[in-house]
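Shared chain: subunit A. Partners: subunit B in the first complex, subunit C in the second.
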Partner chain A sequence: MSGAESVLTSPERMAALLLLLAVAILAVSIVCRRVALIRSGRPVAAAPEGTGGALARFLLYVPGQWSNIRNLSMKDLAGIQHLMLFWGALFFFVYYALFFFVGDALGFASLLRGSALAQGFLGLTELFGVLLIVALIWGLARRTLLKPARLGPHFEGGLFAAITVAASALLICYFGLEALRFNLQTVSYTGPVSGLFADWLAALPSGTQAQLFHTAWWIQTAMLACFMVYVPYSDHQHAIFAPFNILASHPQPHGRFSPSGLQESYRGLAGPTDFTWKQMLEVYGCTQCGRCQEACPAATAGKALSPKKIIQHVRGSIDEAGKLVPFWHKAEAAGSVELQHRVCDEEVWSCTTCMACAEACPAFVSPLDKIVDLRRDRVMARSRFFPELTNLFRDLENFGDVFGKGKSRREDWTLGGDVRVLSEQGQADTLFWVGCQASFHDRHTKSAKSVAEVLAKGGVDMAIMGKGELCCGDPLRRLGNEYQYRNFVRKNIENLKKLHFKRIVTYCPHCYNTLKNEYPQFGGEFEVIHYTELLQDLIGSGSLKLKKQLPAKVAYHDPCYLARGNNLTKGREVLDALPGASTLDVERSGAKTFCCGGGGGAMWMRETGGAKINELRVRELVQDGPEVIATSCPYCVVMLEDGIRSLGVENVKCKDLIEMVRESV
Partner chain B sequence: MNTNKDVWVLVEAEDGKISRHATALLEEGKKLAAELSGELHALYLGPELGGIGAEAGARGAGKLYACIDGKLRQYDPLRYQQVILNLLKKQQPRLLLALSSSLGSDLLPRLAFNLHSPLVSNCAEIEVEADGELLFMKPVHKGRLFAKVRCQGEGIRIASYLPERLPSCDEAGAGSPAELVALGAAAEDKAAAIQVTGFLKADHRTIDITEADIIVAVGRGVGSKESFGLVQKLADGIGGAIGGTRPMVDAGVIPYERQIGQTGKRVAPRLIFLLGISGATEFVQGIVGGATTVAVNLDRQSPVFKAADLGIVGDLEQLMPTIVKHVRDLTGSDSRA
Partner chain C sequence: MKIGVLIKTVKYVHAQTGFDLKNNCIDPEDIVRMVNPLDEVALEWALKLKDAQHDVKVVAISLGGRYAEEGLRKSVAMGADQALHLQWEEPEKLDAAALSEILAGTCKRENFDLILCGATAIDSNEGLEGPYLAERLAIPHLSSIVEISLIDGNRRLKVQRVVERGDRQLLECTLPALLTVQKGSVVPRYPTLAGFLRAEKSVVTAVQPESVGISAAGLVKCNLTETVGYCSPKPKKTRSVSPTPLSAAERVELMVNRDASRAKEGGMVVDGRSEEMFAHLTKVLEKAGVLKR
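Showing the complex of A and B:
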């Protein structure tokens, strides 16, 4: 009888089989314990999605590896490495399941290896084996020599060196064994790599070759056993969980924050029992690639926060509760599963909720979602936040706006202008949602007037809500004060439903996002557009004529809550339509825009150390020497203007887009 | 049942006259007395104070119970307590109001304990309900919530009122002076458990800016460290605490504890200097309670002048030495006042 079974003795095949079965039971039990943890999570309100969409996403992002291809740049080629690893690992998974386990260990090798299909597959596997070795060495070099910041601060070089050595040993054994099978005449063909090995090994006497076969085969068995335990136990578990997370992640606009605080008993993320199953699946699907950390403005500025670290903290808490901490992480275990001890205040409050982490994640994990839930815990369950936020919360609760000015002064900006306040009996085509900033802030009331003026020129039938308008709730939700947020949203929806209008146009991107994406969570379905969308329509249809030349070089800063939160970059098109203005390219723009530093309540909190985010952004924006930095968000205007001043940049002005349009009309 | 509807206000003196918060409290007392259809009376302990009867009368007080004694220049808990307790037991007003000052915060609990009366401290608002009972509103949990308090039982209600919640009031019109009822001073008791030996004035250099009466606030326009030295001299000359804007904190000129504004602290001084501050909404929001504001800025168009009672357009580098010299001439020295 020819075949590997003629070289391998029955007892040793039996021994290997028993070993692998034992290890497989251990591995499956680890996976099952993690699955049980995930299943014990709180329920999530399911967003309706057809299976077709989920399947298409799965195919595109798992076998298609679209995240890795999409994120490729000359600066960061690691996507290619992952592509090689993914496909290589997939081929070897099939190889070991079929040809090693069923073939060698169970003894069906000659049956399996006979066909041309098998020969083709084995040949391809060898090519992927070579790619795998390249990818492994590449990966090790990144962890030990190149050390890109996003993999830091713990590069785990030692662990990856061990993995590389073990995996390379496995692959060399694999090539050797394939070669020896040919030399020992158990198969009639070699692959492209094993052919070379076969030539080298042919010089050895056949007895030595048979001995070598046994040794290599057992090394391979041992390495396989190690990997079978390592993968489900370690950070490489993402190979198991990330595909399921991708399947379960129905994409929503990044700006729509989870309403999980809605369940009556829920007061935020305090410990392992507060997670939803989706949050735990996300945490286990995290690849720790650090793209979130690279994109995060707070981490870039050197503040305490790193979104990657947040996921690690959170995962540590879940693992510790499920007694699943890998032994090489035991020393770092914090000893408490409570997140108030694991995540420090500076981390939680440095976030500007710019959504860059969620956007950058290749595995559909949102660190932001966890940060907001951590804030909910601190605000709603512990009252643990910076004292300056008390002023904001009190102003909002007592007066209904972020400046504490009160309803009675909400219409003050209209004084001397011709702006209609919509009554319950009246009707208007467009309701202008002014927002707190444009209603009260010295600088932005001018913008509110400009919006009113320009829309009037464009022939839009517009009215405002006047005293009935309250803060939209954006800072409250993003600061974790979900309870008050809900009160605001309910009151606003109630007031809006009393009025007769077709659509809402907002000045502030934050109001826009909240009204458009989050009010439907509470039954407030309205057509909501941002003023840049409306302007673009008006200009496109010819209702609004831009006449006056504005010769200036302009760098446009995309506000996060438009460009990233809602994929809205119409501001840029409006800017292009301005006669005389030339738009400069900005390093990070569109959905990849970089935060101004003012979102997520940062406007009302102290600096938490590190560099200032607005200064980083201004430096980026002034690179090509613009005369004007334009944007379309009141927070961005304040932050960038302040950055220009504190950096002492000369001859650059920060302007709201609406100011420029009004000048040109 | 206590059928008395009178409201008493304990007034405090400041700079030789009734303090401005006490005047505002008298106005509040007048409003409440009117709603209760009772009378307002004032209560004062301390050294001779010229025109106090007229001022209290002009604010609506019918009587002024006064214990004029030079020895009461400084607050002495046991002696104050003795004088007022005797009086309250006899007169049984409906409500005794005082400011949530250090005096009110110390004295009222003593009175309430001895009288077995309910005490509501740090009120933000007081209403008279339809049944004539009083409803007190007070911030709790550091102002995150407001509690409504109704007292049970009969007898005197005692309440302290948050000065920052009192509206600033105009000059009083002429009114008939309050009828003076002199109270006998309490006997000095050398063996008393508490002996007041003196008071230490808060050091304007170390006082929390939220408690400072005078603040010198600095902004980006102050520029160099040298001009900051002059700012310190000005602050020392007038006993002001130094505060400032966020950029000054970022630049390390002042510590974060001294930052005023949206991301810092909210202050309620009586007088504030805004030096080289543009007056952005984010900063101005941090000043509450209608302080007298003096602004110095280079830019005539600066929004800071909208909020200023006295605006000076000029270069701080040139102006500061003059201002400091003036202050020195006025105060006689540049020592800490």
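Showing the complex of A and C:
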């Protein structure tokens, strides 16, 4: 008789088999309970997507580990570590399922180990075993010595040390066992690492070697059993759920927020059934890598909010409801099922909805989505928010704009200019959606005039809606007031459908995002473009000639709702086309741009502690000594201007892109 | 316990909105209507009393044309149990004495334990409705209330009213009573989703003056005063900072300093620790020849 059967006794194998079966049943039952929780969630209106797209994404992000490769930088090499862990763990999963469980415990080892294929696989597994040990020690070092901020504030070094020790013990047992198999002549080959082990162990008498085999084999069995219980309970469950989440995550523009149910029975987030199944799948797929925390402007400024913590809170509450809190988390995770007691006001309200967290997540988890639901919970179910927001909501309800000026003043900015108001009988090629900021705010009415002027020069047949225009609803939705948001959207869509136009061009990126991405959710399908897109077209086609030289060094700040929300960075191209202006590189730009601090209703709310986000951003922008900070969002203009002033930066001006274009035309 | 709250839907005159530049008049479509803010405070107090104990019913009452219903729906959204709409087109043509006659008829029928309303309405600025109504119902009237609590098993009322410079007068009185409230530290609640949806669906009960025994002819007789004219405010001297190439922050700073011209006059501000300031001042005075050594 050859194979491990010759060393292991039958009762021994039977005992191990029973132990592992029992543990496996426990592990599967935990996973099943989580799956049941996920299935109890609200349904999601699925976006149509072919299986091909989903499969391609799955292959790219799961075996391809594209998130980890994409995010590699000299500052952050952890992606390599994860790559080693992922492939190592995959190989060992196959090894233990096949060679240990089926081979050793069930007794098919001699059958399995015979082929050249098996020999090749075992050799590769050993190489990955070495990589795994390196990755584990690397991970331990990150949690105990290097301590990168994104893994904080709870580094869980102790837990990770225990995992490292246990996994290393498992791997050493593995190498030892493979070596002993050769020495005891149950197999005829060794791998590259077990060969070394075999040489060292060969000195021992064969009786001792057999004894050693039994000991190591049982240590391995025990360790495996421990891991099988630990993984489905712990954060490492992401290995089980994240692949499914990636499969289910049809990429949409980050700026498109999901609608929430509006029934009288709406009770906020009182239990797991108030989340959608996708949200719960995301929460279980969270790896707690903290990339969201690193990207979050509020967390960077030292405010209470951390997107990672929000996901942990949500998970804690779901686990609590499903009685699935692991015992080593009991102390910190203990708390109510209701999230309103777990998450404090400052956390919920310091979010600027800049979408950096959703963009940064390697596992397609959106903390923003949960934050907005938490806001809805506070506003619509509990009416618990800062009193200054009550004023904003009332202004919006009574006057239809964020400034509380009233619709009859909406056209005031056109006085003295030549802007046509589109009547129901009239027709226009382009409808200029001005937005509250450009209609009322002293700083931005100039920009509205500039847009009208420049478009007229470019030969665009343009008209505005005038009194029929209301707030697009962006602040209401970002602040969680979905009910009033829907009222605004309904009225706006009604008014828009009465008019005859081909496309809408907006000034404000927030209006752009809402009209373009969110109005279709409520039956408002329009062609919406941002003025930077239109400008680029006009300049490209030669209809608009930029003549005047504007010699200035310009740092362009990408607005989140264009660059990240909608992958639109045309503003930069317009800037490049400006004669004389030289564009500087900005540390964070494009989809990775850093928030100005004014979005998501933050404009109307108190500071929630920590540093000011706009000052952080201005510091970043003025690094290379620009003369002008340009941007194309009214919120950004105000916030950056404020930042420049409060920091006392001299010789830098904040300009709206359209102002610069108008000067140059 | 039944609490009645008088709600007035006012034209928000302060909004300076609704001015049609071509026709030089207010476009009726542009008028912004809202619940009188002090009435909202009164409603908030009623709802606070309701939250504190069981079996309290809050009834919102409004008198006026069809616009009055808007305010009543907002009251229901905030949490009022019932809404009564006393239908009377053009209430502007009657004075407070006459209007209180209709209100009194309804309040008698409803048999309220407590009636709350705002001290004044921001559009008419009369503050007469409450007192007149209390008189007609022959119940105590307490004005400028900023704190309300029920004592003695809901039989007595304990209130605070503002007097001079933040002083408060503590009063007790029996029920039923009528209170006109001032804006204290109370912030009217913002409706929840359930509230908004309830307001959308709930029925506002329409009450005709005839049904409480009041005829149109009788009402006109109740009018004690007559509005004979209306004039717009006299133009006021305003202090503004001009010209305006200054930044907003600089303008605000100048406004705070009261006088725009002062900044141009020059002068010097000596700042720092007292020893430094003294040393600096000495130097300046010596240089100017005022101080001689």
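Please note the rule applied: the second predicted complex is superposed on the first by the 654 of 665 C-alpha atoms of A that agree within 3 Å, B and C clash if a C-alpha of one lies under 4 Å from a C-alpha of the other, contacts with A are read in each partner's own complex, and residues count from 1 in each chain.
Note that in this section a residue touches a chain if its C-beta (ideal position, glycine included) is under 8 Å from a C-beta of that chain, and two chains touch if they have at least 3 such contacts.
In this text the structure is predicted, and so the values were computed from the model without any measurement.
Novice: With the two complexes overlaid on their shared chain, look at subunit A and say whether subunit B and subunit C clash or fit.
Specialist: clash
Novice: Can A:F393 be said to touch subunit B (first), subunit C (second), both, or neither?
Specialist: Both partners, subunit B and subunit C.
Novice: For A:G406, is the partner it touches subunit B (first), subunit C (second), both, or none of the two (neither)?
Specialist: So A:G406 only meets subunit C here.
Novice: On the A-aligned overlay, A:S383 touches which partner chain: subunit B = first, subunit C = second, or both, or neither?
Specialist: It touches subunit B and subunit C both.
Novice: Should A:Y483 be classified as contacting the first partner (subunit B), the second (subunit C), both, or neither?
Specialist: second
Novice: Mind working out whether A:M605 is in touch with subunit B, subunit C, both or neither, as first, second, both or neither?
Specialist: first
Novice: Would you sort A:R645 into first (subunit B), second (subunit C), both or neither based on which partner it touches?
Specialist: A:R645 sits against subunit B and subunit C alike.
Novice: By the touch definition at the top of the document, which applies to A:E424: first (subunit B), second (subunit C), both, or neither?
Specialist: In the superposed model, A:E424 contacts neither subunit B nor subunit C.
Novice: Looking at the overlay, what does A:F440 touch: subunit B (first), subunit C (second), both, or neither?
Specialist: A:F440 contacts subunit B only, not subunit C.
Novice: Going by the overlay, flag which of 21-29, 57-65 or 273-281 in subunit C ends up clashing with subunit B.
Specialist: Clashes occur only in 57-65.
Novice: Which positions of subunit A sit in both the subunit B and the subunit C interface?
Specialist: Shared contact residues on subunit A (touching subunit B in one complex, subunit C in the other): 383, 387, 390, 393-394, 404, 645.
Novice: Please name which positions on subunit A make contact with subunit C in the complex.
Specialist: Going by the criterion above, the answer is residues 262-264, 266, 379-383, 385, 387, 389-390, 393-394, 398-399, 404-409, 467, 482-483, 645.
Novice: Given the complex with subunit A, which residues does subunit C contribute to the contact?
Specialist: Spelled out, the residues of subunit C in touch with subunit A are 12, 15-20, 27, 30, 32-34, 187-194, 196-198, 247, 249.
Novice: Sort out for me which residues of subunit B touch subunit A in the complex.
Specialist: 141-144, 220, 246-247, 249-251, 256, 259, 262-266, 280-282, 285, 303
Novice: Going by the contact rule set out above, which residues of subunit A touch subunit B in the complex?
Specialist: For this pair, the touching residues of subunit A are 383, 387-388, 390-394, 397, 403-404, 440-443, 603-607, 612, 638, 642, 645-646.
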